[in-house]
Amino acid sequence: MDVAISTLLSPIILFFALGMGAALLRSQMSVPEAFAKGMALYLMMAIGLKGGVEMSKNPLTMDVILVLGAGIVLSFLIPAIAFACLRATTKLDRVDAAATAAHYGSISIVTFVAATEAVRLSGLDSGGHLVAVAALMETPAIITALVLAARGGGKREKPVAGSERGELVREVFLNASIVVLVGALIVGWIAGEKGTASVQPFFVDLFQGVLCLFLLDMGLSAGRGLRQGWRQLSPMTVGFGLYMPLIAAAIAAGFAYAIGMPAGDAALLITLSASASYIAVPAAMRLALPEAKPSIYLTLSLGVTFPFNVTIGIPIYIFLALLITGQS
Amino acid sequence: MDVAISTLLSPIILFFALGMGAALLRSQMSVPEAFAKGMALYLMMAIGLKGGVEMSKNPLTMDVILVLGAGIVLSFLIPAIAFACLRATTKLDRVDAAATAAHYGSISIVTFVAATEAVRLSGLDSGGHLVAVAALMETPAIITALVLAARGGGKREKPVAGSERGELVREVFLNASIVVLVGALIVGWIAGEKGTASVQPFFVDLFQGVLCLFLLDMGLSAGRGLRQGWRQLSPMTVGFGLYMPLIAAAIAAGFAYAIGMPAGDAALLITLSASASYIAVPAAMRLALPEAKPSIYLTLSLGVTFPFNVTIGIPIYIFLALLITGQS
Amino acid sequence: MDVAISTLLSPIILFFALGMGAALLRSQMSVPEAFAKGMALYLMMAIGLKGGVEMSKNPLTMDVILVLGAGIVLSFLIPAIAFACLRATTKLDRVDAAATAAHYGSISIVTFVAATEAVRLSGLDSGGHLVAVAALMETPAIITALVLAARGGGKREKPVAGSERGELVREVFLNASIVVLVGALIVGWIAGEKGTASVQPFFVDLFQGVLCLFLLDMGLSAGRGLRQGWRQLSPMTVGFGLYMPLIAAAIAAGFAYAIGMPAGDAALLITLSASASYIAVPAAMRLALPEAKPSIYLTLSLGVTFPFNVTIGIPIYIFLALLITGQS
Amino acid sequence: MTKHLRIELIIERMAHKRACRVLEAAGMTGYTVLPAMAGYGNSKRWSRDTDLSASGDMVVIISVGDEAKVRATMEQIGDLLGAHIGIVTTTEVDVLRPGRF
Amino acid sequence: MTKHLRIELIIERMAHKRACRVLEAAGMTGYTVLPAMAGYGNSKRWSRDTDLSASGDMVVIISVGDEAKVRATMEQIGDLLGAHIGIVTTTEVDVLRPGRF
Amino acid sequence: MTKHLRIELIIERMAHKRACRVLEAAGMTGYTVLPAMAGYGNSKRWSRDTDLSASGDMVVIISVGDEAKVRATMEQIGDLLGAHIGIVTTTEVDVLRPGRF
């Protein structure tokens, strides 16, 4: 409870609320795109580096590999469940449902960061390899979604004009967030605590502050998306944006229990599963499933699920993690 | 005197001079717009947060509310005086005079920051609520200017094609600087010193350095504006850019004396009154008074008044504040 | 040896390798141009300030002036040698050879920074005036190149339509990097250690971290340049990109020996001579020698010589400096 | 066959939303706004990186439609350009899938 | 004298490389891509600074060529626009140094 | 009625000030410069986010004027394009308030 409140009143969440409020009041303010992208890059480098340094302190154990595997399986699996839910409860067609499902199988790195912070505040520890899990969970969901979309006979006979072999792979598996997360993780691993000491003031000390500025922008994006897109969302679709994270969290909790993860790590795996992508996957969907409607999947993931997760969701996921590890 | 010199030789002013010099020598260097806007956002968040944290330390007193009120009255009042001066001493037509007057009623946040620093160096204290005063003083001047412009029969019969009810209000009262200043102030107020400790390295430690980079860009803008626009300014108009801050300062000093403000706060209120806007108001004028000429009001405010204030003005305003509080 | 390895495994070089790898794998990631330019500005301000503060600690001696002179002579001289090598060993025509030669006479500020760090790690000292040398060495090479290109009768009868007297001078001698380097040097000199204390967290503490992000971008640029441009480079041209730095280094070592420079300073002068420009000179060449092919000079300087210098070159240059000062 | 025209409207950045509303109100089915980086007119120059307030910036709005709709729209744009700085041209163009406009 | 046409293709930013490949494959000798900052169509608006994923952004691709080549290219662009959002126009233009295209 | 033409000049970013001076000297009353983000020609590609020196970037300059002035201007642009990379087209357009040009 305490964690929930101190999370809600942290500058990060307050700035997100500020951005969202400004957008809903139709303020014209905006964060320049180039600046926001630069901050996103910074945040991913910082997360990767930190994870890598953590990992360099301990040898790679079987436990770690199990968790990496669990992440991949979850990212493949969750979209199938999301797809089934969407088809059963909403009127979205096959392609829209598949595209939306892909977002929920993938992850939100900002939600992950917020959860890391909340986990720390709860007095729990978490391992650096969860960053690697985050990177691994970004893309398998896209493959599941493509298969689901194609099964309905919707498979294109010939590829879109101008598309190129390997184009989607490059776009999806070599997108900025994966390259930077994994790359920085490796850099941190190689350089270790001593080697990265000189960059600590930039990548560690500033992290929380940059996150505030970034979340102000995310609030603006979420608020504007919601204001423009909510008409396209039926109540059932909005409902999906709220219960799907909980379903994904429950499944992930099962995995975490099965592997016997410590509470902090479990909370993060659960959060990753419950979070939905709003940067990498929407971009990939424009190439892979151009017929799907961005106004649906983006509004849902950024306007509904993201705010839900960073406010109410994370405390629930931590609670879940404590439950399965018998600490609550 | 000492303050004046250490102000003039601070890196901030030196970088401003560097930018101005480069522009006057016609160097092609420039700070990318997106980067400059990002820095502006950062500066306003940092100022707002700091003010909010300061305010969270003391209860809201009647004194504070009086100062807020004085700020609003000054912002309404000063443009009327500026307008009268312009009409009496220059050949500017009604619309140009009104638009220019609006700039002098509003404020420059960078001048405010420079003054805060100088006040601190003078060994004086200032309250966080002056940030709120700054935010409140941004816009009333625009209303006065619109009334002044309209009185001359220049009132448009029907609104400009495509304009929308509430458009100006959104643009003016919900512009980025007000939303971010007030928003960050509230965040700082709620989160308090303890809650904002984690963002201190970003928002406090870096502040002076970012300000240097920003002032380099302002120097470039001011220098280029001056080089391109000075031909459009008559000597009497340039004169206005130099004496108007002093008139506004004198009036504000009267208010500060009447309310009985402490010296540090008085110096800041005087500086706010003497400063002129060069971001928010020029943009608002393109919507509200499109017939007015940007080359006049922008050159005057950014090219003449801003450099005057940050070099010679601020020491005078501090001196004034000491005078009315009987400390000099 | 030790220095070589700890240089190669520093986060800076690792992030450069990451960027280069991502580009060669054809990842779509990119650093927004405005953000990269902002970082470049920051880096040059930081370097200039640091150099200025260092210089403010000691009086300007004859030794310093000798080094400044040596830098200028080297920048005039090296392009002539580079031109002769290119004409003798490659099939580049006069204009392409002259344009390429200009790049090798000028300098790379990032290579300079990397060398400063390596020098420090080797336990050597270096003076702040080397920053001034760097600034002075940026442009003389361009003049040599123009003379070389013109001698072949290739001189244009009349200037390019729309060109303006002084245009090239403004573009070349007042380009951003010179203005900011020299300007910040002067600011640092005037303000001194005490005056710049308040900006230290921004300009000193963050430096290494920002450099990482910047080098990630340089790796992307170098990798993409190489991937797209290598077909235009004959093996002999690539060879030039590898041996020319060594020739320039040898000449500079001679100068350093003649003047009797201390080892740290000598290492930096050698590095500056061996480095090649990839920002200021390519831009200047589009104006001064528009017929020259960017795909040759840019690929060579950024894709071949820069990676060579920051990995293998710098340790060699430090070794050379130790050799001529009798310390190795 | 219906003729199609492309409107190209160069207008102040600050006023571009007004222009967009005019286009929407006049029934144009779509438009695209491009940022400009510099310009010249009435012997004054502006450049994007020069002015923090961006109050002198211009944008270019492209809108394609059938002749009747474009003609109707142009009248209303005339109103807008009475108050704001800008210039507008129309060009005859061929379109793919004419039914869409 | 050969007639020359300018293609102006407004298309999703994410798909612009596909469009570029189509233009190259069809034999156009060059093209230039301009970023757009906002737009409207099918009663939806987008704006560049609004969406972190940039998945709704559009670009404008300009390509000039002789009539025969442009006509051939337009057919293949039709294929692309079957899958992606976009509109395309062609305009008759005069060029300097026609031999170059 | 005077005919009006729109010049669209695609030229190297580094040389755009030269082009602007040519336009001003030739008497064009205004122009607007748009940044490009990518392009292709002579089997080489460039992209804005790829090259720190921006030495390969292009811009598009739009300038509208009456026929006589544009014809005169085009000759001088020919000179410029002898030295710099670029292509230029002219299109017949209708303008609002023709007197202004």
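Each chain gets a letter, A, B, C, D, E and F, in the order it is written, and its residues are counted from 1.
Just so we're on the same page, contacts are C-beta pairs under 8 Å (C-beta built on N, C-alpha and C of every residue); 3 or more make two chains touch, one makes a residue touch a chain.
These numbers were taken from a predicted model, which means no experiment stands behind them.
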Task: Of all other chains, the one whose Cα centre sits farthest from chain F - done: A
TODO: Going by C-alpha centroids, which chain is farthest from chain E? Tell me that one.
DONE: B
Task: Interface with more contacting C-beta pairs, comparing D-E to A-E - done: A-E
- [ ] Mind checking the centre-to-centre distance between chain B and chain C? Centres are C-alpha means, answer in whole Å.
- [x] 41
- [ ] Could you tell me the distance, in whole angstrom, between the mean C-alpha positions of chain A and chain F?
- [x] 45
Task: chain E, residues touching no fewer than two other chains - done: 20, 34-35, 77, 91
Open item on the list: Give me the residue numbers in chain A that touch at least two other chains, ranges are fine.
Closed with: 30-35, 38, 201, 205-206
Task: Those chain pairs that satisfy the touch definition - done: A-B, A-C, A-E, B-C, B-D, C-F, D-E, D-F, E-F
Open item on the list: Considering only the defined contacts, which chain D positions touch chain E in the complex?
Closed with: 4, 6, 16, 20, 23-24, 29-35, 59, 62, 64, 91-97, 100
- [ ] Flag every residue of chain B that touches chain A in the complex, lowest number first.
- [x] 32-35, 37-38, 41-42, 45, 49, 166, 170-171, 174-176, 179-180, 183-184, 186-187, 190-191, 195-196, 198-203, 205-206
Open item on the list: Looking at the complex, which residues from chain A come into contact with chain B?
Closed with: 9-11, 14-15, 18, 21-22, 25-35, 38, 201, 205-206, 208-210, 212-213, 216
- [ ] State the interface residues of chain C toward chain F in the complex, per the touch definition above.
- [x] 30-33, 36-37, 40, 156, 160-164, 167, 217-218, 220-221, 224-225, 228, 278-280, 282-283, 285-287, 290-291, 294-295, 298, 302
Task: In the complex, chain F residues that touch chain E - done: 8, 10, 34-42, 58, 60, 74, 77-78, 81, 87-91
